[in-house]
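Below is one structure, written out as C-alpha coordinates, with a few remarks after it.
All chains are identified by letter, namely A, B, C and D, in their written order; residue positions are counted from 1 within each chain.
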Amino acid sequence: MKDLRSKIAAFIDERDWEEFHSPKNLAMALSVEVAEIVEHFQWLTEEQSRNLPPEKLAEVREEIGDVMIYLSELAEKLGIDPMEAARAKLEINSAKYPANLVKGKAAKYTEYR
Amino acid sequence: MKDLRSKIAAFIDERDWEEFHSPKNLAMALSVEVAEIVEHFQWLTEEQSRNLPPEKLAEVREEIGDVMIYLSELAEKLGIDPMEAARAKLEINSAKYPANLVKGKAAKYTEYR
Amino acid sequence: MKDLRSKIAAFIDERDWEEFHSPKNLAMALSVEVAEIVEHFQWLTEEQSRNLPPEKLAEVREEIGDVMIYLSELAEKLGIDPMEAARAKLEINSAKYPANLVKGKAAKYTEYR
Amino acid sequence: MKDLRSKIAAFIDERDWEEFHSPKNLAMALSVEVAEIVEHFQWLTEEQSRNLPPEKLAEVREEIGDVMIYLSELAEKLGIDPMEAARAKLEINSAKYPANLVKGKAAKYTEYR
(Lines give C-alpha, C1' and ligand atoms only; values in the text may rest on other atoms or scores of the structure.)
Protein backbone atom coordinates (compact mmCIF):
# COMPACT_ATOMS: atom_id res chain seq x y z
CA MET A 1 0.00 0.00 0.00
CA LYS A 2 2.81 2.44 0.92
CA ASP A 3 4.64 1.66 -2.29
CA LEU A 4 1.44 2.25 -4.30
CA ARG A 5 0.83 5.53 -2.48
CA SER A 6 4.27 6.90 -3.28
CA LYS A 7 3.95 5.90 -6.95
CA ILE A 8 0.56 7.64 -7.21
CA ALA A 9 1.97 10.74 -5.52
CA ALA A 10 4.88 10.90 -7.99
CA PHE A 11 2.52 10.40 -10.94
CA ILE A 12 0.33 13.33 -9.86
CA ASP A 13 3.22 15.55 -8.91
CA GLU A 14 4.97 15.14 -12.29
CA ARG A 15 1.76 16.28 -14.00
CA ASP A 16 0.83 19.15 -11.64
CA TRP A 17 -2.59 17.59 -11.16
CA GLU A 18 -2.72 18.28 -7.43
CA GLU A 19 -5.03 21.28 -7.82
CA PHE A 20 -7.73 19.14 -9.49
CA HIS A 21 -7.67 16.53 -6.74
CA SER A 22 -10.14 17.90 -4.23
CA PRO A 23 -12.04 15.12 -2.43
CA LYS A 24 -15.18 16.26 -4.27
CA ASN A 25 -13.56 15.78 -7.68
CA LEU A 26 -11.90 12.51 -6.67
CA ALA A 27 -15.26 11.11 -5.52
CA MET A 28 -16.63 11.91 -8.99
CA ALA A 29 -13.65 10.32 -10.73
CA LEU A 30 -13.99 7.23 -8.55
CA SER A 31 -17.64 6.86 -9.59
CA VAL A 32 -16.70 7.21 -13.26
CA GLU A 33 -14.06 4.47 -12.99
CA VAL A 34 -16.47 2.13 -11.22
CA ALA A 35 -18.97 2.67 -14.04
CA GLU A 36 -16.31 1.43 -16.45
CA ILE A 37 -16.30 -1.85 -14.51
CA VAL A 38 -20.11 -1.97 -14.54
CA GLU A 39 -20.10 -1.38 -18.30
CA HIS A 40 -18.28 -4.69 -18.83
CA PHE A 41 -20.96 -6.59 -16.93
CA GLN A 42 -24.18 -4.81 -17.88
CA TRP A 43 -25.38 -7.19 -20.61
CA LEU A 44 -23.84 -10.40 -19.23
CA THR A 45 -25.72 -13.03 -17.28
CA GLU A 46 -24.43 -13.69 -13.77
CA GLU A 47 -23.07 -16.98 -15.08
CA GLN A 48 -21.16 -15.25 -17.89
CA SER A 49 -19.78 -12.74 -15.38
CA ARG A 50 -18.21 -15.67 -13.49
CA ASN A 51 -16.48 -16.89 -16.65
CA LEU A 52 -14.96 -13.92 -18.45
CA PRO A 53 -12.84 -14.62 -21.53
CA PRO A 54 -9.16 -13.66 -21.00
CA GLU A 55 -9.23 -10.43 -23.08
CA LYS A 56 -12.26 -9.16 -21.19
CA LEU A 57 -10.74 -10.14 -17.86
CA ALA A 58 -7.61 -8.14 -18.77
CA GLU A 59 -9.78 -5.08 -19.45
CA VAL A 60 -11.66 -5.45 -16.17
CA ARG A 61 -8.32 -5.78 -14.39
CA GLU A 62 -7.29 -2.39 -15.75
CA GLU A 63 -10.53 -0.82 -14.53
CA ILE A 64 -10.08 -2.37 -11.08
CA GLY A 65 -6.60 -0.83 -11.08
CA ASP A 66 -8.06 2.59 -11.82
CA VAL A 67 -10.65 2.24 -9.06
CA MET A 68 -7.94 1.22 -6.58
CA ILE A 69 -5.83 4.24 -7.63
CA TYR A 70 -8.64 6.76 -7.14
CA LEU A 71 -9.87 5.15 -3.93
CA SER A 72 -6.34 5.30 -2.56
CA GLU A 73 -5.93 8.90 -3.67
CA LEU A 74 -9.28 10.02 -2.20
CA ALA A 75 -8.52 8.25 1.09
CA GLU A 76 -5.07 9.85 1.23
CA LYS A 77 -6.52 13.34 0.79
CA LEU A 78 -8.84 12.68 3.74
CA GLY A 79 -6.13 11.13 5.92
CA ILE A 80 -7.80 7.73 5.82
CA ASP A 81 -6.18 4.30 5.41
CA PRO A 82 -8.59 2.32 3.17
CA MET A 83 -7.46 -1.06 4.56
CA GLU A 84 -8.02 0.07 8.13
CA ALA A 85 -11.37 1.60 7.13
CA ALA A 86 -12.40 -1.73 5.56
CA ARG A 87 -11.46 -3.71 8.66
CA ALA A 88 -13.36 -1.31 10.92
CA LYS A 89 -16.40 -1.36 8.63
CA LEU A 90 -16.43 -5.14 8.52
CA GLU A 91 -16.91 -5.16 12.29
CA ILE A 92 -19.76 -2.67 12.04
CA ASN A 93 -21.37 -4.79 9.30
CA SER A 94 -21.03 -7.93 11.43
CA ALA A 95 -23.10 -6.30 14.16
CA LYS A 96 -25.57 -4.84 11.65
CA TYR A 97 -26.26 -8.12 9.88
CA PRO A 98 -26.25 -10.88 12.54
CA ALA A 99 -25.43 -14.18 10.85
CA ASN A 100 -28.34 -16.04 12.44
CA LEU A 101 -30.88 -13.52 11.10
CA VAL A 102 -29.63 -12.98 7.57
CA LYS A 103 -28.30 -16.41 6.61
CA GLY A 104 -28.82 -16.98 2.88
CA LYS A 105 -30.85 -13.82 2.46
CA ALA A 106 -29.78 -10.65 0.76
CA ALA A 107 -31.85 -7.71 1.83
CA LYS A 108 -31.05 -4.36 3.21
CA TYR A 109 -30.36 -4.59 6.89
CA THR A 110 -33.28 -2.31 7.73
CA GLU A 111 -35.60 -5.08 6.63
CA TYR A 112 -34.38 -7.13 9.60
CA ARG A 113 -35.26 -4.60 12.22
CA MET B 1 -4.54 -7.24 2.31
CA LYS B 2 -4.43 -10.99 3.03
CA ASP B 3 -5.78 -10.41 6.52
CA LEU B 4 -8.63 -8.31 5.12
CA ARG B 5 -9.41 -10.98 2.51
CA SER B 6 -9.74 -13.73 5.08
CA LYS B 7 -11.98 -11.58 7.29
CA ILE B 8 -14.26 -10.77 4.34
CA ALA B 9 -14.39 -14.46 3.36
CA ALA B 10 -15.42 -15.46 6.90
CA PHE B 11 -18.06 -12.71 7.01
CA ILE B 12 -19.67 -13.94 3.78
CA ASP B 13 -19.37 -17.60 4.63
CA GLU B 14 -21.10 -17.20 8.01
CA ARG B 15 -24.04 -15.59 6.23
CA ASP B 16 -24.27 -17.94 3.21
CA TRP B 17 -24.05 -14.93 0.90
CA GLU B 18 -21.72 -16.60 -1.57
CA GLU B 19 -24.50 -17.31 -4.07
CA PHE B 20 -25.32 -13.58 -4.40
CA HIS B 21 -21.72 -12.62 -5.06
CA SER B 22 -21.42 -13.01 -8.81
CA PRO B 23 -19.02 -10.45 -10.34
CA LYS B 24 -22.05 -8.82 -12.00
CA ASN B 25 -23.81 -8.29 -8.66
CA LEU B 26 -20.61 -7.20 -6.91
CA ALA B 27 -19.97 -4.58 -9.61
CA MET B 28 -23.46 -3.19 -8.91
CA ALA B 29 -22.90 -3.20 -5.15
CA LEU B 30 -19.55 -1.45 -5.63
CA SER B 31 -21.24 1.32 -7.61
CA VAL B 32 -23.91 1.74 -4.93
CA GLU B 33 -21.28 2.11 -2.20
CA VAL B 34 -19.33 4.66 -4.23
CA ALA B 35 -22.53 6.68 -4.65
CA GLU B 36 -22.76 6.84 -0.86
CA ILE B 37 -19.38 8.59 -0.88
CA VAL B 38 -20.51 10.93 -3.67
CA GLU B 39 -23.66 11.75 -1.70
CA HIS B 40 -21.55 13.28 1.07
CA PHE B 41 -19.83 15.64 -1.39
CA GLN B 42 -22.59 16.54 -3.85
CA TRP B 43 -23.61 19.90 -2.37
CA LEU B 44 -20.22 20.89 -0.93
CA THR B 45 -17.80 23.28 -2.58
CA GLU B 46 -14.39 21.83 -3.40
CA GLU B 47 -13.01 23.88 -0.53
CA GLN B 48 -15.52 22.43 1.93
CA SER B 49 -14.69 18.94 0.67
CA ARG B 50 -11.09 19.54 1.72
CA ASN B 51 -12.18 20.45 5.26
CA LEU B 52 -14.79 18.00 6.44
CA PRO B 53 -16.02 18.31 10.02
CA PRO B 54 -15.05 15.25 12.15
CA GLU B 55 -18.52 13.61 12.19
CA LYS B 56 -18.81 13.82 8.43
CA LEU B 57 -15.26 12.53 7.98
CA ALA B 58 -16.15 9.53 10.16
CA GLU B 59 -19.13 8.78 7.92
CA VAL B 60 -17.05 9.06 4.74
CA ARG B 61 -14.49 6.74 6.33
CA GLU B 62 -17.19 4.09 6.74
CA GLU B 63 -18.20 4.43 3.10
CA ILE B 64 -14.57 4.17 1.98
CA GLY B 65 -14.40 0.98 4.05
CA ASP B 66 -17.43 -0.43 2.24
CA VAL B 67 -15.96 0.43 -1.17
CA MET B 68 -12.68 -1.26 -0.23
CA ILE B 69 -14.57 -4.36 0.93
CA TYR B 70 -16.57 -4.72 -2.28
CA LEU B 71 -13.61 -3.90 -4.50
CA SER B 72 -11.56 -6.54 -2.72
CA GLU B 73 -14.40 -9.08 -2.98
CA LEU B 74 -14.99 -8.41 -6.69
CA ALA B 75 -11.27 -8.65 -7.43
CA GLU B 76 -11.03 -11.92 -5.47
CA LYS B 77 -13.87 -13.48 -7.47
CA LEU B 78 -11.99 -12.61 -10.67
CA GLY B 79 -8.61 -13.80 -9.38
CA ILE B 80 -7.20 -10.27 -9.44
CA ASP B 81 -4.99 -8.57 -6.84
CA PRO B 82 -6.23 -4.94 -6.70
CA MET B 83 -2.85 -3.59 -5.53
CA GLU B 84 -1.03 -5.29 -8.37
CA ALA B 85 -3.71 -4.11 -10.81
CA ALA B 86 -3.25 -0.53 -9.55
CA ARG B 87 0.52 -0.64 -9.98
CA ALA B 88 0.20 -2.06 -13.50
CA LYS B 89 -2.44 0.53 -14.44
CA LEU B 90 -0.30 3.36 -13.12
CA GLU B 91 2.39 2.39 -15.64
CA ILE B 92 -0.16 2.34 -18.46
CA ASN B 93 -1.47 5.74 -17.37
CA SER B 94 2.07 7.14 -17.28
CA ALA B 95 2.51 6.24 -20.95
CA LYS B 96 -1.00 7.45 -21.86
CA TYR B 97 -0.60 10.87 -20.24
CA PRO B 98 3.01 11.99 -20.84
CA ALA B 99 3.94 14.51 -18.16
CA ASN B 100 5.30 17.07 -20.61
CA LEU B 101 2.04 17.15 -22.59
CA VAL B 102 -0.52 17.19 -19.80
CA LYS B 103 1.20 19.25 -17.11
CA GLY B 104 -1.40 21.22 -15.15
CA LYS B 105 -4.20 20.22 -17.50
CA ALA B 106 -7.02 17.82 -16.78
CA ALA B 107 -8.60 16.52 -19.91
CA LYS B 108 -9.28 13.12 -21.26
CA TYR B 109 -6.16 11.66 -22.78
CA THR B 110 -7.78 11.40 -26.19
CA GLU B 111 -7.72 15.17 -26.38
CA TYR B 112 -3.93 14.99 -26.51
CA ARG B 113 -3.74 12.72 -29.53
CA MET C 1 -42.69 18.24 -19.41
CA LYS C 2 -43.39 22.00 -19.13
CA ASP C 3 -45.70 21.42 -16.20
CA LEU C 4 -43.03 19.31 -14.47
CA ARG C 5 -40.39 21.99 -15.15
CA SER C 6 -42.43 24.73 -13.52
CA LYS C 7 -43.18 22.57 -10.48
CA ILE C 8 -39.48 21.78 -10.02
CA ALA C 9 -38.58 25.46 -10.41
CA ALA C 10 -41.09 26.45 -7.71
CA PHE C 11 -39.82 23.71 -5.39
CA ILE C 12 -36.23 24.93 -5.66
CA ASP C 13 -37.12 28.60 -5.47
CA GLU C 14 -39.13 28.17 -2.25
CA ARG C 15 -36.09 26.55 -0.64
CA ASP C 16 -33.40 28.92 -1.99
CA TRP C 17 -31.53 25.91 -3.37
CA GLU C 18 -30.60 27.59 -6.64
CA GLU C 19 -27.02 28.30 -5.53
CA PHE C 20 -26.31 24.59 -4.99
CA HIS C 21 -27.60 23.62 -8.43
CA SER C 22 -24.52 24.00 -10.60
CA PRO C 23 -24.43 21.45 -13.45
CA LYS C 24 -21.46 19.81 -11.69
CA ASN C 25 -23.43 19.28 -8.48
CA LEU C 26 -26.57 18.19 -10.32
CA ALA C 27 -24.58 15.57 -12.25
CA MET C 28 -23.41 14.19 -8.90
CA ALA C 29 -26.92 14.20 -7.45
CA LEU C 30 -28.23 12.45 -10.57
CA SER C 31 -25.65 9.68 -10.14
CA VAL C 32 -26.61 9.26 -6.48
CA GLU C 33 -30.30 8.90 -7.33
CA VAL C 34 -29.55 6.34 -10.06
CA ALA C 35 -27.56 4.32 -7.52
CA GLU C 36 -30.70 4.18 -5.38
CA ILE C 37 -32.40 2.42 -8.29
CA VAL C 38 -29.43 0.08 -8.73
CA GLU C 39 -29.52 -0.75 -5.02
CA HIS C 40 -32.99 -2.28 -5.43
CA PHE C 41 -31.74 -4.63 -8.16
CA GLN C 42 -28.24 -5.53 -7.02
CA TRP C 43 -28.99 -8.89 -5.41
CA LEU C 44 -31.96 -9.90 -7.58
CA THR C 45 -31.77 -12.29 -10.51
CA GLU C 46 -32.79 -10.84 -13.86
CA GLU C 47 -35.96 -12.89 -13.59
CA GLN C 48 -36.80 -11.43 -10.17
CA SER C 49 -36.13 -7.95 -11.51
CA ARG C 50 -38.90 -8.53 -14.08
CA ASN C 51 -41.37 -9.47 -11.34
CA LEU C 52 -41.04 -6.99 -8.50
CA PRO C 53 -43.49 -7.30 -5.61
CA PRO C 54 -45.82 -4.25 -5.36
CA GLU C 55 -44.09 -2.58 -2.36
CA LYS C 56 -40.69 -2.80 -4.04
CA LEU C 57 -42.12 -1.52 -7.32
CA ALA C 58 -43.55 1.49 -5.44
CA GLU C 59 -40.09 2.23 -4.02
CA VAL C 60 -38.43 1.95 -7.43
CA ARG C 61 -41.10 4.28 -8.83
CA GLU C 62 -40.07 6.92 -6.29
CA GLU C 63 -36.42 6.59 -7.28
CA ILE C 64 -37.31 6.85 -10.97
CA GLY C 65 -39.19 10.02 -10.07
CA ASP C 66 -36.06 11.44 -8.39
CA VAL C 67 -33.89 10.58 -11.38
CA MET C 68 -36.38 12.26 -13.74
CA ILE C 69 -36.40 15.36 -11.50
CA TYR C 70 -32.61 15.73 -11.44
CA LEU C 71 -32.22 14.89 -15.12
CA SER C 72 -34.79 17.54 -15.96
CA GLU C 73 -33.12 20.07 -13.66
CA LEU C 74 -29.63 19.40 -15.04
CA ALA C 75 -30.90 19.65 -18.63
CA GLU C 76 -32.71 22.91 -17.83
CA LYS C 77 -29.53 24.47 -16.41
CA LEU C 78 -27.74 23.61 -19.67
CA GLY C 79 -30.57 24.79 -21.92
CA ILE C 80 -31.25 21.25 -23.15
CA ASP C 81 -34.62 19.55 -23.73
CA PRO C 82 -34.10 15.91 -22.57
CA MET C 83 -36.83 14.57 -24.87
CA GLU C 84 -35.33 16.28 -27.90
CA ALA C 85 -31.87 15.09 -26.83
CA ALA C 86 -33.18 11.51 -26.59
CA ARG C 87 -34.74 11.64 -30.05
CA ALA C 88 -31.55 13.04 -31.58
CA LYS C 89 -29.39 10.45 -29.79
CA LEU C 90 -31.62 7.61 -30.96
CA GLU C 91 -30.83 8.58 -34.55
CA ILE C 92 -27.10 8.64 -33.79
CA ASN C 93 -27.37 5.23 -32.11
CA SER C 94 -29.24 3.82 -35.12
CA ALA C 95 -26.31 4.71 -37.36
CA LYS C 96 -23.75 3.51 -34.80
CA TYR C 97 -25.34 0.08 -34.30
CA PRO C 98 -26.64 -1.06 -37.72
CA ALA C 99 -29.44 -3.57 -37.17
CA ASN C 100 -28.00 -6.13 -39.59
CA LEU C 101 -24.65 -6.20 -37.78
CA VAL C 102 -25.73 -6.25 -34.14
CA LYS C 103 -28.93 -8.32 -34.27
CA GLY C 104 -29.28 -10.29 -31.04
CA LYS C 105 -25.84 -9.29 -29.80
CA ALA C 106 -25.02 -6.89 -27.03
CA ALA C 107 -21.50 -5.58 -27.24
CA LYS C 108 -20.01 -2.19 -27.35
CA TYR C 109 -20.28 -0.72 -30.81
CA THR C 110 -16.50 -0.50 -31.14
CA GLU C 111 -16.38 -4.27 -31.25
CA TYR C 112 -18.18 -4.10 -34.60
CA ARG C 113 -15.65 -1.87 -36.29
CA MET D 1 -43.06 10.98 -24.51
CA LYS D 2 -45.28 8.54 -26.45
CA ASP D 3 -43.45 9.34 -29.66
CA LEU D 4 -40.09 8.73 -27.95
CA ARG D 5 -41.35 5.44 -26.49
CA SER D 6 -42.40 4.07 -29.87
CA LYS D 7 -39.09 5.08 -31.45
CA ILE D 8 -37.14 3.34 -28.68
CA ALA D 9 -39.31 0.23 -29.01
CA ALA D 10 -38.67 0.07 -32.78
CA PHE D 11 -34.92 0.57 -32.26
CA ILE D 12 -34.73 -2.37 -29.82
CA ASP D 13 -37.03 -4.60 -31.82
CA GLU D 14 -35.02 -4.17 -35.04
CA ARG D 15 -31.90 -5.32 -33.17
CA ASP D 16 -33.47 -8.19 -31.16
CA TRP D 17 -32.14 -6.63 -27.98
CA GLU D 18 -35.28 -7.31 -25.96
CA GLU D 19 -33.75 -10.31 -24.16
CA PHE D 20 -30.94 -8.15 -22.69
CA HIS D 21 -33.34 -5.54 -21.34
CA SER D 22 -34.23 -6.91 -17.94
CA PRO D 23 -34.82 -4.13 -15.38
CA LYS D 24 -31.63 -5.26 -13.62
CA ASN D 25 -29.53 -4.79 -16.76
CA LEU D 26 -31.24 -1.52 -17.67
CA ALA D 27 -30.51 -0.11 -14.20
CA MET D 28 -26.84 -0.92 -14.79
CA ALA D 29 -26.85 0.67 -18.25
CA LEU D 30 -28.56 3.77 -16.84
CA SER D 31 -25.81 4.14 -14.23
CA VAL D 32 -23.11 3.79 -16.91
CA GLU D 33 -24.69 6.51 -19.06
CA VAL D 34 -24.99 8.86 -16.08
CA ALA D 35 -21.29 8.33 -15.37
CA GLU D 36 -20.58 9.56 -18.90
CA ILE D 37 -22.25 12.84 -17.91
CA VAL D 38 -20.28 12.96 -14.65
CA GLU D 39 -17.06 12.38 -16.58
CA HIS D 40 -17.52 15.68 -18.42
CA PHE D 41 -17.80 17.58 -15.14
CA GLN D 42 -15.33 15.80 -12.85
CA TRP D 43 -12.38 18.18 -13.23
CA LEU D 44 -14.33 21.39 -13.85
CA THR D 45 -15.04 24.01 -11.23
CA GLU D 46 -18.72 24.67 -10.55
CA GLU D 47 -18.30 27.96 -12.40
CA GLN D 48 -16.86 26.22 -15.47
CA SER D 49 -19.71 23.72 -15.36
CA ARG D 50 -22.14 26.64 -15.75
CA ASN D 51 -20.32 27.86 -18.86
CA LEU D 52 -19.55 24.90 -21.09
CA PRO D 53 -17.97 25.60 -24.47
CA PRO D 54 -20.31 24.65 -27.39
CA GLU D 55 -18.50 21.39 -28.36
CA LYS D 56 -18.58 20.12 -24.79
CA LEU D 57 -22.22 21.13 -24.41
CA ALA D 58 -23.03 19.13 -27.55
CA GLU D 59 -21.33 16.07 -26.04
CA VAL D 60 -23.21 16.44 -22.75
CA ARG D 61 -26.45 16.78 -24.72
CA GLU D 62 -25.79 13.38 -26.29
CA GLU D 63 -25.20 11.79 -22.88
CA ILE D 64 -28.38 13.36 -21.51
CA GLY D 65 -30.15 11.82 -24.50
CA ASP D 66 -28.77 8.39 -23.61
CA VAL D 67 -29.83 8.75 -19.97
CA MET D 68 -33.35 9.76 -21.04
CA ILE D 69 -33.51 6.76 -23.39
CA TYR D 70 -32.50 4.23 -20.72
CA LEU D 71 -34.63 5.84 -18.03
CA SER D 72 -37.61 5.69 -20.36
CA GLU D 73 -36.87 2.07 -21.29
CA LEU D 74 -36.43 0.98 -17.65
CA ALA D 75 -39.63 2.75 -16.63
CA GLU D 76 -41.53 1.14 -19.53
CA LYS D 77 -40.41 -2.35 -18.48
CA LEU D 78 -41.76 -1.69 -14.99
CA GLY D 79 -45.02 -0.12 -16.21
CA ILE D 80 -44.07 3.28 -14.82
CA ASP D 81 -44.53 6.71 -16.43
CA PRO D 82 -41.38 8.69 -15.49
CA MET D 83 -43.15 12.07 -15.75
CA GLU D 84 -45.94 10.94 -13.46
CA ALA D 85 -43.37 9.42 -11.08
CA ALA D 86 -41.50 12.73 -11.01
CA ARG D 87 -44.64 14.72 -10.22
CA ALA D 88 -45.61 12.32 -7.44
CA LYS D 89 -42.08 12.36 -6.00
CA LEU D 90 -41.98 16.14 -6.04
CA GLU D 91 -44.97 16.17 -3.70
CA ILE D 92 -43.30 13.69 -1.37
CA ASN D 93 -40.12 15.78 -1.39
CA SER D 94 -42.11 18.93 -0.59
CA ALA D 95 -43.39 17.29 2.59
CA LYS D 96 -39.98 15.82 3.43
CA TYR D 97 -38.08 19.08 3.11
CA PRO D 98 -40.37 21.83 4.48
CA ALA D 99 -39.34 25.16 2.91
CA ASN D 100 -39.19 26.99 6.24
CA LEU D 101 -36.75 24.47 7.72
CA VAL D 102 -34.36 23.93 4.84
CA LYS D 103 -34.23 27.38 3.21
CA GLY D 104 -30.77 27.96 1.74
CA LYS D 105 -29.38 24.78 3.27
CA ALA D 106 -28.48 21.60 1.46
CA ALA D 107 -28.32 18.64 3.76
CA LYS D 108 -29.93 15.29 3.80
CA TYR D 109 -33.45 15.50 5.13
CA THR D 110 -32.63 13.22 8.04
CA GLU D 111 -30.49 15.98 9.47
CA TYR D 112 -33.65 18.01 10.02
CA ARG D 113 -35.41 15.42 12.12
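Here, contacts are C-beta pairs under 8 Å (C-beta built on N, C-alpha and C of every residue); 3 or more make two chains touch, one makes a residue touch a chain.
Being a predicted model, the structure only gives us computed values, none of them experimental.
Between B-D and A-D, more C-beta contact pairs are found at A-D. More than half of the contact pairs of B-C, counted by residue number, reappear in one of A-B, C-D or A-D; that pair is A-D. Taking each chain's centre as the mean of its C-alpha atoms, subunit A lies 2 Å from subunit B.
Chain centres here are Cα averages; for subunit A and subunit D they lie 23 Å apart. Looking at subunit D, residues 20, 25, 27-28, 31, 34-35, 38-39, 41, 43, 45-46, 106 sit in touch with two or more other chains. Only residues 20, 25, 28-29, 31-32, 34-36, 38-39, 41-43 of subunit D touch subunit A when the two sit together in their complex. Remark: subunit B residues 27-28, 31, 39, 43, 45-46, 106-108 touch subunit D in the complex.
Within the complex formed with subunit C, the residues of subunit D that make contact are 1, 3-4, 7-8, 11, 14-17, 19-20, 22-25, 27-28, 30-31, 34-35, 37-38, 40-41, 44-47, 49-50, 52, 57, 60-62, 64-69, 71-72, 74-75, 77-78, 80, 82-83, 85-90, 92-94, 97, 99, 102-104, 106.
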